[in-house]
């Protein structure tokens, strides 16, 4: 089974972190292919970054379909372009926020999310609603540090500290890491806190494996049917479906 | 006051229809500027089209800010890129679905939406939820004809027929036209049906006028603050905020 | 265009404050007519006051219709009698809580409300639900001072202080003033806080202008049709529709 | 125990129907006092009627408090003035829609409502939301005949026919009669249909008995505290709390 | 009228406390029969205890039906087995959490719950949702002491202290005691706090009296019809309906 | 990895059908252990059957823990005893309704459920709410035939016919089979209908594999901690945790 894990920003070191997390838990028969767009923002921290990352994501899905990819993971906690990607792909496409929230609801009665910049919380909040997770989400927290600073030790400590606060104040049974750049922290944090700390990249890969393994692919009836073929003009002409 | 009305698809005749509707109801002191992106889909009928229209919308907002535009209308019933556009703009940005639903809730206790292709209903449904309009929305209907066919007489008749069905079956007090390409039909339909038939383009223009007139602009505190300045690579490098 | 702005309590100085706010932002072609009932409570601070203000509001709508008023604003943050007023009026009728919440949802992702007495918060809470604004409302706060004290400097300072707390604690992008008596404070507060502070009276006037300008009036199909003609006995006999 | 059952319209024969239903099921130690306002509409069939009935209801509560009434029933399916009445009364005040819905949720997993005129359905719909009964309400139906026609045999047959349709189509386990004027029909309908058909008047009386019997009265802490004492001017001056 | 009040745990002293509370408020014509299962947990403090108490509850309903019981109260705040019990019983079956929440919504605009162990709060939370009480529930609090310790004076003091905190912080108009073992505390707490403190056992008994008195029994149409007759094997063979 | 798939009813042939479906899609490194309780109902078709199946489920979890089972599937579409089972188990426990709904929400924008007897629909409806799936569930349908008749050809045809109706009328993108006894029908139905038809048993097994593979187990912090050790009396004494 070939799973393409798309980092929607253009920072290659983050693609590598994501790839390591994915490969560490993939089945032995799963091939993990990682990528990031050639154009777009170096990190995704607001609606604007997210909106401009979608074109790159769809380009990766487009080429992925030619490569017979079995399923996709969109590895940014805003799950950008998810519905459009599902229209374009034959196999399942899962966002890491989606995967993490679904998993958390299966092993706890309520979760908190710990993310990076404060302004990204509203994006997580909207996804909580979109996935029907309102009754499971206890709190959305941020460390108010940037995505790219996650490679620094101090930022990792800030994540740990915020998780401790969540554990103390939120009455939560699990913590979700609200950024793909935190993919390498979940084991360390689970050990430190004694509570499941969920990395969406790992869970999303496993859920794609699960759906493909159960013979399920994206429904092509109705809402998520392949995009309608029509002219695309100008610099977007290659996107004609 | 300068209001920029953005048709997110690349079909110029549709931009003209939208512009006529906007100018017909604008205040005498309002200047309506219409535009459409140079690249992208000729019509927006699925999530994929919508996702790929956002880059063009943001480009129009970007240039609009340089031109001291006071407020914007996104003239596609999926309200694509609305949150990102709000981050980028100083003044208000309103989507036509948003405007139509808010207006309908002020003059009736429940509305139905009549849109084009069946698969666009899910997009409307998600917007109903996003704007808190679930308790006002009675039904979302489609004529199962394409956006670009709206210029044909038969398609207009199909819209009228579907509105009649809505009036008979949905217990609705108002009907919302679910496509910017229907902007020229609302007066004809209101007369034919004896019920308010709402064109989102008109109402969105009036609401932008209202907000600007009341001294309100997009909040730059927190979630909708200007985008964070950071590198954008490749073909998107001009989008650095 | 003639817009009647109804202060539902009997305090004339408050009617004047409301009138000033309305005229300051109305279009040059709009005539603002202000009024307050001759009978009823001097201020509206609980469900009981509100319930007893409705008869006066409906009397003003009744006479307004004879005067060919184009639209109405109910200038009390509980939006008393809104549905009954809509039945009685041909043109749009908008409550100031309704207007403020809709506007706030268009320029921010979440708002807080600052009102007077603590017990009025439940009225605001119920309106938040009625207008579908639950997902936009972050907090409802009160200064625990009476409506009529709003003319005193200390009360104004208390409003400012409570807004500051909202800004600090509620993660809100806009603040709504929860009393018509605060109509003269929004510019001062916006300047002091650097965040949109919304006066419902101003926005309601602009929204009535917008709806009338877009050719929309209250739906007379179904739920909001004119009241059924029938006998009214005793002191209410003049209310026969 | 003294329970005052208030018919909010001015039709005496309907007050008698309501009184008979109440006395038929009251405990032997309960005294049922019935009344209707001297002024107001002869029937309540829209928001306007309802709004204008509130002044009469509050007048009855006001005098009831002087008479040491233990609890009240508001016997109109719109539950007009309920919150204001609760502020004014020491003992419990229950609306018949409220009582019927709560009862139905305790003996079935879902109910349908059968009411008179079609336009009253929106009032019932809003009460369903207010009482948290959305997940229990399957359908709201009307016979499209007036309240006062309920004394005619043909109207009773229409109610039976609509109940049969509800039973067949709505997957409901109980039916609620959506008008106090139907109070004499519940036993006949229950027998005819073999499903609980709930008259709100009866259940509301029993629930007032239950609350008083359990030592519970309206909370005077916070939201429902007695109305604030203040001047009321003009013809409403007697309403000073 | 015969009402069977079932304590689902096996602690006889708690059955006696519950019985005393029930008899203290029952009508003179009501016979209160109390019982507890012979097998199962000595107290119910988690989902596991609750799940294993259901078999005992159903056994009591089964024998109750043979004894022509008119209605039942399930006297544990998790309302275990409520739906199954309703299928088995002809008359009404009411849970004490259900009764308390419905009563609180009739005498206040919002309530807080004070329960025993922290982990039981999630059970209360799920019931709040099940009964449509989300908009009435302000907070769910616990004293973090066990059910069986409720017979000790220190635990009673802890309940009082937590109620005081609720009164101060939660903006609630009533407090619900979240455990049948607190049935003897409501009068003392109401006196001490000056706010209605609701014991679910008392209210449930009164509501069963009310429903039976209004001629209502559990709907046997559809969802709550008598259980389907079929083989039960092994140690559960006596449960064949 | 060892996964125990529990059929909560006592019909061995149904356990075999479930086991075949589970083994057909399990990873090669997964050992599927199937079982059913020795006591209880031969099929689960109402709340009563479900309630009485829980004791058998918990007995299987209890023994499973001693056998170092890595995760569990509760193979009945009512997901009976799920929360209690989670308290008792170290590894993940997933219900087949839960798994099917989560999977359907990842590959479509809306699903319909096709179940057996009409009265089981309310159980499915309550689970839809519990899992936050209200916005994804389009319709819950039944064939009005018993669970045990699923082994007959005519019943299979009835399932197919009902799925066809769902596809035509419900605007759904996927169909969920609402009974573990339908586990052998999903491939046949998917082929016949050209839309994903989801068997919860298969997906639940894959999701347990996914969670265990991602290093996740049931949270033992707070709500789902191991059951509190305490006496259990009589025939349930072996259930002392």
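Assorted remarks:
Going by the order they are written in, the chains are A, B, C, D, E and F; count residues from 1 in each one.
Here is the rule we use: a contact is a pair of C-beta atoms (placed from the backbone, for glycine too) under 8 Å apart; a residue touches a chain by one contact, two chains touch by 3 or more.
Every value quoted in this text rests on a predicted model; they were computed, and no experiment measured them.
Legend: contact pairs of E-F compared by residue number with A-B, D-E or B-C; the interface matching in over half of them is A-B. Between chain D and chain E, two chains of identical sequence, the interface residue sets overlap for the most part, with shared numbers making up over half of the total. Taking each chain's centre as the mean of its C-alpha atoms, chain A lies 27 Å from chain F.
Centre-to-centre separation between chain C and chain E, using Cα means, comes to 43 Å.
Looking at chain E, residues 83, 86, 109-110, 118, 121-122, 129, 135, 171, 222-224 sit in touch with two or more other chains. Looking at the complex, you find that chain E touches chain D at residues 25, 27, 83, 86, 92, 94, 98, 102-103, 105-110, 131-136, 167, 171-174, 186-187, 190, 194-196, 198, 202-203, 206-207, 209-211, 213-219, 221-224.
For chain D in complex with chain C, the touching residues are 10, 37-43, 45-52, 54-55, 58, 81, 83-84, 86-88, 117-119, 121-122, 126, 129-130, 222-225, 227-228, 230-237, 239, 241.
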